[in-house]
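A single structure is presented below for examination.
Chain nomenclature is as follows: A, B, C and D, assigned in order of appearance, with residue numbering initiated at 1 for each chain independently.
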Amino acid sequence: MTVCVQEADFDVGAELARLTDGNKRIGGLAVFVGLVREMHVREGYHRDKVDALTLEHYPGMTEKALEEIEAEANRRWPLEATLIVHRYGRMEAGERIVLVAVGSPHREAAFEACEFLVDWLKTKAPFWKLEETPAGEKWVGAHEGDDAAAARWEKKP
Amino acid sequence: MKVRYFAWMKRTVGLPEEEVAPPADVTTVGDLIVWLRARSPGHAEALAEGAAFGAAVDQRTATFDVKLAGAREVAFFPPFTGG
Amino acid sequence: MTVCVQEADFDVGAELARLTDGNKRIGGLAVFVGLVREMHVREGYHRDKVDALTLEHYPGMTEKALEEIEAEANRRWPLEATLIVHRYGRMEAGERIVLVAVGSPHREAAFEACEFLVDWLKTKAPFWKLEETPAGEKWVGAHEGDDAAAARWEKKP
Amino acid sequence: MKVRYFAWMKRTVGLPEEEVAPPADVTTVGDLIVWLRARSPGHAEALAEGAAFGAAVDQRTATFDVKLAGAREVAFFPPFTGG
């Protein structure tokens, strides 16, 4: 279980190699890389060209939140390795923002846990996106789709 | 007690953080919000009733009924948009 | 759309960089890496230590089958980039077997299409695994779970 | 027409591929299977009724009712286990 919150870009190949090296119990590694998309399309909200964004975060709380999310994934699925790397600061279109990787003996668990981590970190980790568009800076509003995606993992009472 | 603001709330309040000493009858996050609104028009706008924001007490997400007893840091922020 | 069937190992970081470089419309990249697992656990079938395996394939048909699967994913989801790299030959425990990567503006489409590709290539691409165990060589039988996983993507008539 | 065998079927038949010239009444994949069984005990075992194997005609998966007309390559193989 590893969480990194950093301003610098990350090397996906090196991170994944470090995560799985020497562990022969991993049959499937599911990975998600989130990137800055040039076009920010959101029906009925705005549709602007995004040249870059700045990710603000809450140092201290961010690491705690990500560690809790990661621990929850490890409680729910039989995982051999988990990694979350999340950047903050200014990033241009095309740059990597976040890396989530999950290794498990079984691919189903790896995929599910990876999706879970991505959904939850979007709604439970203290990051805020400020987009640079030709019309100026704009704070990104919370995406209802993200809340719905995160909610599907809530345990029924 | 330190109070911190993030994203657009930081700009609206006009500062990233401040030391405050609320009176004894301010016992919950909700009480603190009401008390902070009186500090400036920026506070009042950022922490307005109906505004979409959340809070954390000592770096853990907290609902507005959470008690402040012993809290060293309370934060206010808009909904998260990371990932 | 790229399909590679090769004996050599692949460099995950380099493959992903090549896949996404210069494409600023990708918001999410979902990736799967399949590895040779040392323990081959299958309830009620066998439970042997796997030291290595040899993947046989059907040159010519393999590439066609993978290209068809990839084209099907591109018909079903709005994808910006897809990549399948599948090795054949002898691989030891811990080695990478397969890389599937899908880039899309939206993470949901990327995850779904990536899972679809992995499920379908397991049941529709002509590969056969011969495992080396302390008890000797053993051809891997088809996994019912794989058929079930692939079947969930069949279109209802 | 070339016939190819893969994985354990190749070992059971005893060869990876062979050129065959079936008679004119062998018109489908199923006909070919029946005809091939007579070539050797290995063929009979690998292509036995009830054995779990599939086929491809000219490198496309084919059910046993597929016509052979014009086919240049027919392959037989156990269920796929890649990925």
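The rule is simple: a residue touches a chain if its C-beta (ideal position, glycine included) is under 8 Å from a C-beta of that chain, and two chains touch if they have at least 3 such contacts.
Since this is a predicted model, take the numbers as computed values, not measurements.
If you average the Cα atoms of chain B and of chain D, the two centres end up 73 Å apart.
Each chain gets a centre from the mean of its Cα atoms; for chain C and chain D, those two points are 26 Å apart. Here the CA centre of chain A is 49 Å from the CA centre of chain D. Looking at chain D, one finds that none of its residues touch two or more other chains. Of all residues in chain C, those that touch two or more other chains are 34, 118.
If touching chains are joined by edges, the resulting network of the protein chains shown is an open path. A complete list of chain pairs in contact reads A-B, A-C, C-D. Those residues of chain A that touch chain B in the complex are listed here as 34, 55-58, 60-61, 64-65, 86, 97-98, 118, 121-130, 139-143, 146. Within the complex formed with chain C, the chain D residues making contact are 4, 6-8, 52, 56, 59-61, 75, 77-83.
Of all residues in chain A, only 11-14, 16-17, 20, 22-39, 41, 93-94, 105, 107-108, 110-111, 114-115, 118, 149 touch chain C in the complex they form.
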